[in-house]
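The structure is given below, and queries will be raised subsequently.
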Amino acid sequence: MRRSHLFWLFLAPVLAWLVLLIVLPHVDLLVMSLRRGNGMGEPEWTLANYATFFAEPIYWNTFLRTCVYSILTTLITLAIGLPVAFFVVKIAAVRLRGMLMILLLLPFWVSELVRVYGWMILLRESGVLNHILVASGLLAKPVEMLYNDATMIMGLVYTCMLFMVVPLVSVMDSLDDSLIEAAHDLGAGPIAIWRTIIIPHAKPGITSGCIVVFMLSLGNYLTPNLIGGKNSLWFTEQIYNQFIASFNWNQGSAFGFLLLALSTIIIRIGLKLTRQTLGEVAR
Amino acid sequence: GETMQLLTWKGYAPQQLIDKFKAETGITVEVTYSNNEEMIAKLRATRGAGFDLAQPSQDRISSVQKEFGIYQPMDYDRLDAKLFVPSMLAAVKQNTMVDGKSHAAPFCWGTSGLVVNAKAAPEARDYTALLDSAYSGRVSYRLKRPTLIALAFALGDDPFALYGDTKAYTALMDKIGDKLIEAKPLVKNYWTNGDALLQSMRSGEVHVAMAWDNGGWKLHDENPDIDFIAPASGALGWIDTFAIPAKAKNVDAAYKWINFMMRPENAAVFTNMEKYATACEGVNPFLDEAVRANFERSFSQQDIERIRWYPPVPAEIEAIEGRILDKVKASR
Amino acid sequence: MIRSLPRSGAYTALYRIYVGAFFVFLFAPLGVTCLLAFNDSPFPSLPWYGFTLDWFTSAGPERIGILHDAHNLRSIRVSAHTAFWVALLSTTVGTCGAFLFEQEKFPGKEALYLLMLAPLVIPGVILGISILLAANTAGLFIEERLGWDVGLLRPGFWLVVLGQFSFITTFVTLVVSARLKKFDRSLEEAAMNLGANRMQVIRHITLPFLRPAIISSAAVAFLMSFENFNTTLFLVGPQPTLPINLYLQVRDGSTPVINAISLLLIMGTAALALTSLLLSREDR
Amino acid sequence: MDTDLRVDELLKRFGTFTAVDNVSFEVPQGRFFSILGPSGCGKTTLLRMIAGFETPTGGTIAIRGRDMAGIPPNRRPVNLVFQHLALFPMMDVAENVAFGLRRRRERTPDIRRKVAEALERVDLGGFGDKRIDQLSGGQKQRVAIARCLVLEPSVLLLDEPLGALDLKLREQMKVELRALQTKVGTTFVYITHDQSEALVMSDAVAVMNSGRFEQVDTPRNLYDNPATPFVAGFVGDTNILRGRVREADADTALVETQSGLACRCRAGAGVGSGEGALLFVRPEAFIIEPDDTPDLTAITVRVDSVLFDGANSRLLARADDATGTELTIALPQNRRFDHLVPGSRVRVGWHTQAALCFGAKDGD
Amino acid sequence: MDTDLRVDELLKRFGTFTAVDNVSFEVPQGRFFSILGPSGCGKTTLLRMIAGFETPTGGTIAIRGRDMAGIPPNRRPVNLVFQHLALFPMMDVAENVAFGLRRRRERTPDIRRKVAEALERVDLGGFGDKRIDQLSGGQKQRVAIARCLVLEPSVLLLDEPLGALDLKLREQMKVELRALQTKVGTTFVYITHDQSEALVMSDAVAVMNSGRFEQVDTPRNLYDNPATPFVAGFVGDTNILRGRVREADADTALVETQSGLACRCRAGAGVGSGEGALLFVRPEAFIIEPDDTPDLTAITVRVDSVLFDGANSRLLARADDATGTELTIALPQNRRFDHLVPGSRVRVGWHTQAALCFGAKDGD
């Protein structure tokens, strides 16, 4: 088949983008992770960077922790977001819907940093919430609500909420009301309707929301770093430390590559379990 | 117009002086805030480009210079030598020597020690207070190498002496690491930079902290209960410098800025504001009374002698420390 | 259950409370941030010392309001500048991508499509470091072999633009593709049948049809770039963007000038988001 | 005979707009009852009130004698076949049909048996494990019905269930649906805007207009003896001529049309001497080249065009006078009229009994 | 008369599937030519080849004598009205109509004048600045046509342009479209799967089946003298009876149906003594309770149901014998047959000329 000039016009920038900015950098990441400089001398090929990861419990512990907490964050976000999405699409008065959508979207267009900062001044020991609780006599003295895992998860859930709600809203939107009416007409109560109609229908939205949220919390740096506190070492921080504090780019690359592999594998598993493909989910 | 890119610590380039410099020379100074690690990392990533002037600590220059070549040799002829305290200039030249060339000039100096709220923690005299369960939940320090070193001294070791002996140094650090892990429940948080700590001391969230001297002094102005204390096992002394990155574009402006900043009246503006001691010779007439009083209050003659000045850091040391710091952070 | 089905009062009330609580959760941190921008105190916390505009307008030296804060103002300019280029580049390339994946057939299309989706599953931090590494490798190579020092290949403005572009383009491609999917190909055939060539078809028919999607994805790209932190962190050079700059200040503690900046940011994004939303509604 | 559904003075307002306006009717057990009306006349609203999805503003609904007020949709002994069927795409055919039984927690073997029977009844035996998107339009139709019938509702409500099908399939499903209803004996309430569907399938048809029932009658009576001008115009093709009543007695009237033609016709409601009137004549009522008989009205028309359409062929013609009233005239295909071409002039006539007039304000 | 469009042995294969199979025809200037066939028979493919959107696998297309091979769609002197019209929603009516003229870089005042004229011609004068979504279905239709006509194409191609309209509007547009074509005189090539559209509008109709033309003829000839069994079955309603030829001469044959009924009928193609045959009898060809006349075939049937549908009413009946062949019989609404109810037995008959048979293999 003869190709038009337009085809090349479309292909060239896309290919340049994907090859130069996605493929090559990740190849380089892999290469870097397989090398190690010996002082001033020539760098050599080695698996030592990966060996370090597995030999040193702090590294893979952090790795596991990051993974488990990201999954937890994903599930909590889903549990909170699902009823909200359903409310906005199917329960709220139609004329309120546009406004609710705007309200849902707005906070997330504001820099993540500002949002985390807001939580910090809200929750810290000298923060607004403590101030209010003490002033109203509910608390005898301020307690630190920042710098613990629960708050960190809350922060991650907050940060990622939009990316769960939006796909859920759009998938709920495509659910024909008459399916729910029909189910009800055939005798189903709310629980049966959720179980047999809504959840199965929303599955693609749930999957894509979960993938994005999982990804975002796994790769998050700001939230664990700023409100995670003294115990909450996140794997991205460890990568940052290797790059910035220890100047060990090779080790950092190995960590980076492991994180990439982890996210890819978990997402793969998620897709397998729900029998979907990335292409479908992205639509 | 002409601009100069400055990579430095927060507070090292007061707006007032930037404006004055601009008025005098027409050069706009654009500042990027950073700390030692990030400064090095950044210059490494840019291979010494992007900035015209950086301000790392003197002990963190030679090893990275050897490995990455991110600075250019300092042309001391272009500096106004009489503006510098001679002993400091000599020490910095000495410590930043690579391949027979020196790479930095001193800017200011200070110490790390304890900042203590005397009302809540009257007993805190040495770094060991950071491990004292009496102050549970009210302790704060940076999870960075100075803390490791300080505790080593406090526990009776001399980490600087072990710089050459990787094995022994590793063992020492492992020991310190364990102590820190053990004492982790006492820690309120690991602070990352000055103002955040000041905030928590001010609000009473923290009573004992390891920090820079100026922080304690700043707080002392607001609340006399809080002050800087030179620890019994010795405050850690540092000198921050000027160093010119290898591919600086506007080297002229960099030298102009150094000479400008070291003029006594300008150096005094900085010191009065940030409370750090300056490496400027002849600054005294311009200093506030209170600033001079700070130093005298916190440092006895004995304390001054006990200050432990950082020697240049060898390359392998950072990796050893980095692992310990990660381990402490990750433990529960 | 849904609007058309009868539901009990308690069910509705509980549901409303839940959603109300959710929105409080959503807006609490923002509200507090905005409020404390007006507190007459050097610290962003309670107690309330009275109303002030210092954190917006004060010229120093004690308090520097955002209008006089050269350092923060510069980073806002840098961010806007970055976001402009990212929006421009990613909208252009993303639109090409949409055309490529929706309208062309070629071997390896499926694989290329998956590759295009990859940035969705690459953590931003990893994208940042891998681009940093690649730029460094290429920069060193060119420097060693040819002796050229290529500014583009080290942390700095353009590397930030490229880094953000590399994943934002995926979003643009998806948004424009979604609209292009709804495009009735027979419109193109009709235009050809009326004498237009392929280029004219795109100019007069397809692009006008895509316009709302292109505008709104440009707005989204702008916002995404403006608020990006993770990827930027590793690529930023001497010109820090606003999020990076704010991060350093939040980490290090700062005056309520951050609150003032946040307030302006919230209002600015709200205005932009609303405009793009209204625009896209008009088109429906 | 028992009454399955009784609706009394049912009223539904949306704000100030009255969608269903005081509608009353009864459907005896086992009947096929249709509600026929143009789009937007309130059919769906009426049906949804019966199913329980809308709450009436006034009036009562009783099913098998039991008042339905306050009973939620899932407790009513009626089931609804939705316009777009609303089959559950996430389930296969058998699961769709089993859905209601499962909700009743019937035992699995019972469910299996009943589902098989229901599918058998709609001629879909063995289709149980097909996915919904593997079915043709007509098959989906039948699954939707089976899904309701398996629950043995007292009344099955159907909301334009053939609307989405194409023409040929619709023709075929009309016949099948009626046959199915006869076989299972369940009472059907069927709404449609297609008069042919209503006429072909129903025992009784209610013609609805702007929220009201205009006439409830058998198909043949609707066609032959429409009670109102609306029914006369809506049910079946017809020519509508505007005129004025010259004379009127109990059964017949003499109407003079605007074109000046005097025509004797059956008199419907509201016909008064000297008043305005609408005259309805069906295309097939015209006799082309008639013999002059006493009760015949005849005029000369000029043929505009011959629309050959097999058994359904028509002449478009125009009264050959000043007003040039347009007429549509059925053209029998017995080759007698092959000489008629555009431009031909020909006499056409109709019997008094074949024309019907209603009183009408001149503005109508 | 000049030939506007000549198609010769046109062939289109998709892979191994032949969508258009050796089709040849000519359309003289100014004619309304329809192509009628069931869904999927290849109509659109044929039209798209003429418009230049598909490349033929073989054969030639010539327009006004010029071979079209290798000429891209935007250079062909034909225009296409798309099934879903494909009006440009981002432009107003006038811009839509002006689109082609602008592509030809005509001068702005000329464009303005021609657009106004074109809109006038389709009775949309003054609609120029309306947005597309402000138009009714029928108006959109006419804009789509004006947009093509303004370019003065040699041939206007129309791909089921009425398919998307609702029933009433479609009836009306049929008539209007034919009138418009007569007025402008442009050659129309019109495709549809609706036999009524093709019959009502066209000068000539090609009946297409599985990629081939079965018959090209006038509407009346198609209906009365179908050349193939497919045409007989597809054009107009009909009853199809399977049987075997007993005797056959040049014009007529004696067919014995499977139910054992002997019927004399016209003989179509492929009829041979002793061979299988298909017998076609239209519903309106049945005479209910006929007088016995020599060339009449009569049988007794049992009524299954009476489908009352006004002028279009039918009996569904079954031959009252062992095979029970199903028959659809037109039921005249002259009240003579009001006594027929389901279960009635009645004699029906048809004339030799009203029945037609074709040879058929038994498996057909």
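Order as written gives the chain letters A, B, C, D and E; numbering starts at 1 within each chain.
In this text, contacts are C-beta pairs under 8 Å (C-beta built on N, C-alpha and C of every residue); 3 or more make two chains touch, one makes a residue touch a chain.
Molecules present, by chain and UniProt name: A, C = Spermidine/putrescine transport system permease protein; D, E = Spermidine/putrescine transport system ATP-binding protein.
All figures in this text were calculated on a predicted structure; none of them were measured in a lab.
Looking at the partners of chain A and chain B together, the chains they share are C. Listed by label, the chains touching chain B and chain E alike are C.
Sorting all chain pairs by how many C-beta pairs they have in contact places A-C at the top.
The centroid of the Cα atoms in chain C and the matching centroid in chain E are 56 Å apart.
Per-chain Cα centroids separate chain A from chain E by 59 Å.
Residue positions of chain E with contacts to 2 or more other chains are absent.
Contacts with at least two other chains are made by residues 4-5, 45, 234, 251 of chain C. Contacts with at least two other chains are made by residues 199, 203 of chain B. All chain pairs in contact, by the document's touch criterion: A-B, A-C, A-D, B-C, C-D, C-E, D-E. For chain E in complex with chain C, the residues that touch the partner chain are 51-53, 72-75, 78-80, 82-84, 86-90, 99-100, 103-104, 147-148, 151. For chain A in complex with chain B, the residues that touch the partner chain are 39-40, 56, 58-59, 61-62, 124-126, 144, 147, 229-231, 233, 237-238, 241-248. Interface residues of chain C, counted against chain D in their complex, comprise 4-6.
Against chain B, in their complex, chain C makes its touches with residues 43, 45, 60-61, 64, 70-71, 74, 132, 136, 139-140, 143, 149, 151, 154-156, 234, 237-240, 248, 251-254. If you check the complex, the residues on chain C that touch chain A are 1-5, 11, 15, 18-19, 22-23, 25-30, 32-33, 36, 44-47, 92-93, 96-97, 99-100, 104, 106, 110, 112-127, 129-131, 133-134, 137, 162-163, 165-166, 169, 174, 178, 198-199, 202, 223, 226-227, 229-230, 233-234, 242-243, 246-247, 250-251, 258-259, 262, 265-266, 269-270, 272-274, 277, 281.
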